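Remarks on the structure that follows.
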Amino acid sequence: MKTILCFGDSLTWGYDPAGPGRHPFDDRWPSVLQAELGGGARVIAEGLNGRTTVFDDFASGADRNGARVLPTLLTSHAPLDLVVIMLGTNDMKPFICGRAFGAKQGMQRLIDIVRGHDYPMGEPAPKVLIMSPPAACETPEPDFAALFESARIESAKLAGLYAALADETGAGFFDAGSVAQTSPLDGVHLDAENTGSIGRGLAPVVRDMLGL
Amino acid sequence: MKTILCFGDSLTWGYDPAGPGRHPFDDRWPSVLQAELGGGARVIAEGLNGRTTVFDDFASGADRNGARVLPTLLTSHAPLDLVVIMLGTNDMKPFICGRAFGAKQGMQRLIDIVRGHDYPMGEPAPKVLIMSPPAACETPEPDFAALFESARIESAKLAGLYAALADETGAGFFDAGSVAQTSPLDGVHLDAENTGSIGRGLAPVVRDMLGL
Amino acid sequence: MKTILCFGDSLTWGYDPAGPGRHPFDDRWPSVLQAELGGGARVIAEGLNGRTTVFDDFASGADRNGARVLPTLLTSHAPLDLVVIMLGTNDMKPFICGRAFGAKQGMQRLIDIVRGHDYPMGEPAPKVLIMSPPAACETPEPDFAALFESARIESAKLAGLYAALADETGAGFFDAGSVAQTSPLDGVHLDAENTGSIGRGLAPVVRDMLGL
Amino acid sequence: MKTILCFGDSLTWGYDPAGPGRHPFDDRWPSVLQAELGGGARVIAEGLNGRTTVFDDFASGADRNGARVLPTLLTSHAPLDLVVIMLGTNDMKPFICGRAFGAKQGMQRLIDIVRGHDYPMGEPAPKVLIMSPPAACETPEPDFAALFESARIESAKLAGLYAALADETGAGFFDAGSVAQTSPLDGVHLDAENTGSIGRGLAPVVRDMLGL
Amino acid sequence: MKTILCFGDSLTWGYDPAGPGRHPFDDRWPSVLQAELGGGARVIAEGLNGRTTVFDDFASGADRNGARVLPTLLTSHAPLDLVVIMLGTNDMKPFICGRAFGAKQGMQRLIDIVRGHDYPMGEPAPKVLIMSPPAACETPEPDFAALFESARIESAKLAGLYAALADETGAGFFDAGSVAQTSPLDGVHLDAENTGSIGRGLAPVVRDMLGL
Amino acid sequence: MKTILCFGDSLTWGYDPAGPGRHPFDDRWPSVLQAELGGGARVIAEGLNGRTTVFDDFASGADRNGARVLPTLLTSHAPLDLVVIMLGTNDMKPFICGRAFGAKQGMQRLIDIVRGHDYPMGEPAPKVLIMSPPAACETPEPDFAALFESARIESAKLAGLYAALADETGAGFFDAGSVAQTSPLDGVHLDAENTGSIGRGLAPVVRDMLGL
């Protein structure tokens, strides 16, 4: 039995733009991934609304800086075989980072954290797979339009940058944008069908990495 | 379907003193609790080795101060119906806190955090149940004996203090020491039988709190 | 006797653009407010030059992130009947946040802090009134012009955004820009007459909220 | 008109052991000091329950480490003529510091902060007066007895240590224990009469330091 | 014998754009400065890749915020006669600060830190010399071009802003851009010849400040 | 040419108990070590008065928690061949940690940091050598006697604990107490002769580890 940690933001939490609310458990992509893996792995979902790669955002009482909480999760869920990281959309807010290149640097740091962590029983670091989120699309919703004004252009660059980073670092890679599209209801989130697609699309990549 | 977050330390992680290692998934008390609830609830385990209530301990790369990471977990696992907190043993290390009374203050703070948090969809705070860990016992293991030298006396006070705190704050309470005993292998951890006992003992209290 | 905490930045501190210096005590808007309330309330001024809603700014030895120091002030001045928050101008610095929408998110967080705080005697949370600062104007002063280059456009949006936020959250609201104008000496601060106007304009709103 | 900041803990906040609650405004020692100074000074009270000199205590949602919040207060209340610091009692909790010598080191740091701070208008640092709190006494109240078990012995040493520190650093000094006694109701707090005595006893020292 | 601390970023570390790698010890500008001073001073180099003046950047496991680590270095290398600070290039990254004016504010803060620090033996603060880095130039290297897209315009303003700040604060000043040029290999770093030029150009200014 | 970082506290800084003051550069043990290595290595001294392994101590304006600043130094002095760590004495202060066992845990964390760090050019981690400080002795100096009251017993345990830790982790080890004794002037510091002895005693161990 393998153990997989899915570390992400509202796309991993399962934010439903039609609600707002949270998609049912079985519809979220980590649940779909677990189902697709057919009992070969336990999938732990750790998605936080607003989470960034490595940038502070104190607009919530929950620490949104992925670099600050990831070490804790790596220990509390150890031993792990694979960490899947899908982050970057929230980095695109103009007052958080606003540039795809910044998210690439942040993702590099998260890979370093996974690989350099002191695991509780001295076990080796798990494998890492980085996943680029689907690009933002236009939306008539005014709050999200203001918050992600530059995200449409910048988020479309993430797939190429993350693919290059995966090559440079030997991490796995999957472009969630190859199988899912953001909802025009708010421009960044996923309906149930599209979040499920990520789990289905990702499953063969994970099976390959874990030899399942 | 109810959702329950179990927030704890190595006793919740499932540290096996005979290993050292981690008890199999099905043997850990949160898993046993989920099984006992018979499909009525999803139980999320968040146990970190060395976690304290509210005290810093930088001897690990993972943030062990429960007050700093709890807000993040309350959001990433929302909406929640119940948060079960079993902490206090690590507070008893002499250079962390060393006094049962300090752990009571820490537990009070964690209850305040659960109740004052800004939940992502504006939902009301979940219920809280605080659980006193089984008291430490004597051990011939030298490292643990040094680390928990005053824990035998102080940890035995936790049940009384937490029961009083639960009364004062309207939280639920369960004394894990009423159904489980620590292992003399290291003086603080639980064998598989005893961690399971906690899940079985806790189940009726949880059913009562959640109307299951 | 009611107690009111005024939490703000240099506009609350009483920064005099003609000095530079600090306006005399009696001229600052919190003092004027107290005078207007005619003995019905004690008004505590807590204005810090450069304070933001929730953004870090380490260009000063004083912590400028409002979210980090507000909990301390809520306890040291408890019990409180009302917290008036006027912030947002410093969020408009391009390297702090630069967008009115970011300040709205920050203000939302400060409201959450007031409402979720653990008050020392268990008393209920005070009421909250959010106040939009007067919009920035053009200035020939080169340092301030550089620092607030985008503030003229963005700060003019704060009144609308804060009014909407007050509606969404049930907080009180007052637009300081409806009674006061920033000085062209530096484009963001207030002369004595205009700071006083805020206290006079705010008084009936406060009387209404507190039943004075 | 002089401005004085009183930086302290629950003894400065005005915690009433008979309540529990807060002493009326006019009974607290900073208010009494202001009255004694007869219009020559404005006295700002900044007392936080549980505040330590320089030690972290996360048992409250308010930051209790005096060294972390003092810089902010030095700026928000500038320009200041005098800072009076009465802290040390909470340092005596066994899991915070527990030794009078630690409080002396903490007080030294607070003096350094006052003297090295970057004041907003470049004004010189205010004068500093350090004040030793009245020593703890025996109490039948169980929670406070547990919390301050070693405070009776250690807090009695503060007056001598602070007097020596004042000599070494050129700070002013006043021993609050020379005019006030703690209440046996909880062993550390002051009744209305004794908190007032501190204001009356301190006034001539302040007048002398400020040339009033 | 005088002691000089050189506090900087990759330009002080000796990042070689042709490598990438680190220039040999003798080629880095602090080493050249020491050689030029002919035995009159010990020069300590503290250059961190990516260091900013006062901005957080969590894209590395090393704390890049200069304001957070400078106090530690001022104590560990005390007693000091002079602190030379060359920072600002990394502030120009669009998601760190992006504006020359922000770097000026950061540099002001670092000067305040040097002057207000509590030196271990109570010695007076060392002198400060601030140095503007050579302006960024165009580069075909895609990662650096993305990272420093606005740096060419903004970094060219640093010399003027820092010169004015030095005047306002009484600090020493040297424009490294007057003797060195950045390499087109990455647009921001220095080849061996140009890093050496800074040490040679700076030496007479340092001799003058230290009376060597 | 090898590069060695010596990471320590006042014993590494060169605190002279007879001064108080700092031993001349050539007398400090890192300088002596460099001389003994005869040109084969550059030795960088990073000793901070009061530094602990991993414990916070806010009694100074310099961050004394070794775990927080070590990553920065590992990057600013990279590439490194060896990191020598001598810490533990300050952990023995009763309100910092007070137990030798806590220092062992802290030292374990520092080893983990060295080994898991993301070095700037992707180079492998340097070797680590941990060094136990000479045990504290009795002193008539009252401040130090109070500060290190329990250090005499506890610091004598460090050599055995660190030797075991070195074995467990594959780090190098040297017991400075085998060649040097603390001065009775303050009970913890070293006179010039004894600090030099550490450099001389350590040299053959370093030569062996680095193949010099």
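Observations on the model:
Going in written order, the chains are labelled A, B, C, D, E and F, and every chain counts its residues from 1.
Throughout what follows, contacts are C-beta pairs under 8 Å (C-beta built on N, C-alpha and C of every residue); 3 or more make two chains touch, one makes a residue touch a chain.
What you see is a predicted model, and the numbers here were worked out from it, not measured in a lab.
Each step here moves to a touching chain, and the least such steps from chain C to chain F number 2.
As for how the two copies chain B and chain F face one another, under half of their interface residue numbers coincide. Equivalent interface to A-C within the set B-F, E-F or B-C: B-F (over half of contact pairs identical by residue number). Each chain gets a centre from the mean of its Cα atoms; for chain A and chain F, those two points are 41 Å apart.
With centres taken as mean Cα positions, chain D sits 37 Å from chain B.
Between the CA-based centres of chain A and chain D the separation comes to 49 Å, rounded to the whole angstrom. Per-chain Cα centroids separate chain A from chain B by 29 Å. The multi-chain contact residues of chain B, meaning those touching 2 or more other chains, are 56, 60-61, 68, 109, 112, 116-118.
Because contacts link the chains in a way that matches no line, ring, star or complete pattern, their graph is best described as other.
All chain pairs in contact, by the document's touch criterion: A-B, A-C, A-E, A-F, B-C, B-D, B-F, C-D, C-E, D-E, D-F, E-F. Residues 54-56, 65, 67-68, 96-99, 101-102, 105-106, 108-109, 112-113, 116 of chain E are the ones touching chain C in the complex. Listing the residues of chain E that touch chain D in their complex gives 109, 112, 115-118. Those residues of chain E that touch chain A in the complex are listed here as 56, 58-61, 93-95, 143, 146-147. Against chain D, the residues of chain C that register as touching in their complex are 1, 13, 19-22, 25, 42, 46-49, 60-63, 68-69, 71-72, 74-76, 78-79, 117-118, 120-121.
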